[in-house]
Amino acid sequence: MFRNQYDQDVTTWSPQGRIFQIEYAMEAVKQGSAAVGLKSGEHAVLATIKRAPSDLSSYQRKIFKIDDHMGIAISGLTADGRILCRYMRNECLNHRFVYDSPMPLGRLVRQVADKAQLGTQRSWKRPYGVGLIVAGHDESGPHIFYNCPSGNYYDYKAFAMGARSQAAKTYLERQFETFAAASLDDLVKHALHALQASLQDGELTEKNCSVAVVGGDMPFTLLEDDSLAPYIAAIKEEEPAAAAGMEAEGAAAEGDAAAGEGGAAGEGEQQQEQQGGGGGDDGGEAPMEQ
Amino acid sequence: MSGIGTGYDLSTGTFSPDGRVFQTDYAQKAVDNSGTVVGIRCKDGVVLGAEKLIISKMLEQHSNRRTFPADRHAGMAVAGVAADGRSVVSRAMAEANQYKSIYGEAIPGHVLAERLGSFMHLFNLYGGYRPYGVSALLATYGKEGPQLYLVEPSGVTYRYFGTAVGKGRQGAKNEIEKLKLGEMSCREGIQAVAKILHQVHDEEKGFEMELAWVCEESGRHFQRVPQQLADEAEAAAKAALEAEDMDD
Amino acid sequence: MLHRPTSHSAAIGPGPVPSLANPGPALEQQPRHAPQAPSCGSEAFCVDPQALSSSHPRQHTQYPYVTGTSVLGITFKDGVLLACDTLGAYGSTKRYKSFDRLRKVNDVCMVGASGELSDFQYIMRLLEELSDDDFCMDDGHHLKPAEVHSYLTRVLYNRRNKMDPLWNSLVVGGFHSGKPFLGTVGMIGTSYTDAHLATGFGNHLARPLMREKHHPDMSEEEAVALMHECLKVCYYRDKNSINKFQLAKVTKDGVSISEPFALETNWGFKLFQNPAANAVGTW
């Protein structure tokens, strides 16, 4: 009855040198709603789509402030995300206490990744089922990092994760070269456009999405509801123009994304050998980066 | 070595009837599928080079590091699972630090290599753990001169004049054997490594090369090869390869 | 078939793994010894539980043994100067005459120490670990002078709260992002920054001169001249000092620490020859 006897335990290598439990944990990230992160030369921006489990409930928070100079967007198991969030907040506070200065992002992200690695090598643990996009600003400028359940981390110019994020990724890949010089407002709009792409036919409102910005001249700030409304309105106005440009390739991209979820190869996964038709990877992050 | 389907290959704590621990072999497999990592010991230092596949064009340059310092005089290039690699590097840093605290001087290469070997071997002994999916090339330059070591997932440790691990290891090793390592300076070494990495790289996909060295020129500090030198070496390597193609 | 230990805790009871073969503690990465933790091995930033549980009072350092005297520091237009002598005094015996009390931390920062010199060596080892870490991270970040100062404040204050102080007064000098930094930390964790500083006797002997003559935009030559004068004044009046000094400088070009040098002194003052002359009734 077992399709695969090597996928039961995180401490079991498959004969091909893969660890399925880690790859399954990475699937959890795709169950969460989409989140994107991008940066210019001055600022970093996070944007997420929020879900509400029922009409009577509030929307689940996806963006968490870590410190004045950074925050995270999570996708996957929210509870796991909150553990990592608490850990990061703690590290930042300790750093401020000891050194009286904000913690460099790269260092914290590496620590989080090392922490995640532990869960991939012990039979009595499991990998975290959450992806983090860390956005922040330190001495070396703005940063977008992606922390993966596998214990890998990546330094990105722009990134998207979560459900149907391939469409957002496609948008970002087409636009990211213009981000370096973009203004903060433009950056936020790009983020919303990317989200809109991954929302397919759903409508982006100030209720179902939230945005956060951070830069050298401003602390990490969450934009929600009223403060977000003008941006939503602005991209709605741009939409017809932008949509026209998106349509042709956008349709292809979305088809791609749909196919990716159906189990066929997405863009990034050609790098990993396929075994037994393992679940589709939505591109970008090769499972274990071998 | 077919343990597949027998059930004897599911745990590090299980021997197969013919005396193998298959999980160790499988971990080695993870290394064999990874990007190529090359190390050579030249007359004045050690050069390490890693082939990094670019998984997204939106990645920043130098993301996904493969070479890491472990101390001022020692550093590693890791092939295999990147996250495991960092874990091994952290251990190397801790060992180097601890040695310095106790003995007041830098940890000799063979001690560090041996300690890392023991560390990685521990993960082959218990059912609760899995072996590291990492082979680490260790470059050191201490009192005993420049040295190159290889630590495998099984915990086995070797000292090499030059070696390669990862996907293109066989081709790379053949090329390394042709080099006159005893007469080569590190300046020439980085070019040789760049050339080998380009040679064994599977043409279709782009890759980023990461070069690091510990040598006289770097003040016996382990560091990434300065960007300009690395670019020059890569350009020279490409030119040399093209020239060879023309000859053929 | 698949080996699954049910318990890894001796407290819960043995699982399939024989308890002696339990690899847990041997394999788990030990948390790196926190530099700010006390040498007795208790948790950082908390009271040593042993100190509370033992029925006898626990005694730590009661007094320093080998000590250094004042360290002086002043800022100038484009950097910071630190200076002190090179004596390690065993009580009032001039025991070690070429001890470097000014040390480089990294390219932007240095530390000078007075007080117990073995404690200073320990502190330097902590800072060395931190800058080794910066080297290994290889991400371009390194400790700034203000961070070193804050860190040392935490370490010294924490140790004094353990009733196990590091017996030092430290001066941190640095230059970063175009600004000089000068700060000090005492053995009980008192810390402050100022444009000119001195530890120990220097606080009484050199600071008045500095207050009089120091101004923030003085040139390097003026600063060196002022420093020489302060050193000389300290040397004349501090019996635990010798005429062998080092002067260290941090500017945008980095840290440089001079070779030891002596200052010209004049002991031929009349009052020195017969100090009791004007004090009737003394000898």
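Should a chain be cited, it is by its letter among A, B and C, assigned in written order, with residues numbered from 1 in that chain.
Following the convention adopted for this analysis, a contact is a pair of C-beta atoms (placed from the backbone, for glycine too) under 8 Å apart; a residue touches a chain by one contact, two chains touch by 3 or more.
Values in this document were obtained by computation on a predicted structure and should not be read as measured data.
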Graph class of chain-chain contacts, one of line, ring, star, complete, other: complete
A-B or B-C, whichever has more C-beta pairs in contact: A-B
For chain A paired with chain C, centre-to-centre distance based on mean C-alpha positions, whole Å: 44
Centroid spacing, where centroids are CA-atom means, of chain A and chain B in whole angstrom: 30
Chain B and chain C, separation of their C-alpha mean positions in angstrom: 40
Residues of chain C whose C-beta touches two or more other chains: 2-5, 8, 29
Junction residues of chain A - those touching two or more other chains: 8-9, 12, 110, 118, 123-124
Overlap residues in chain B, where contacts from two or more other chains coincide: 7, 10-11, 87, 90, 123, 127-129
Chain B-facing residues of chain A, complex: 5-6, 8-19, 110, 113-114, 116-118, 120-124, 150-152, 154-159, 172-173, 176, 268, 271, 273, 283-286, 288-290
Contact set on chain C toward chain B in their complex: 1-5, 8, 17, 21, 23, 26-27, 29-30, 32, 125, 129, 132-133, 135-136, 138
In the complex, chain B residues that touch chain C: 7, 10-11, 13-14, 65, 68-72, 87, 90-91, 93-94, 97, 100-101, 122-123, 125-129, 221, 223-224
Residues of chain B touching chain A in the complex: 3-5, 7, 9-12, 22-23, 26-35, 53, 55-60, 62-64, 80-84, 86-87, 90, 123, 127-133, 205
Complex interface listing, chain A residues touching chain C: 8-9, 12, 97-101, 104, 106-107, 110, 118, 123-124, 139-140
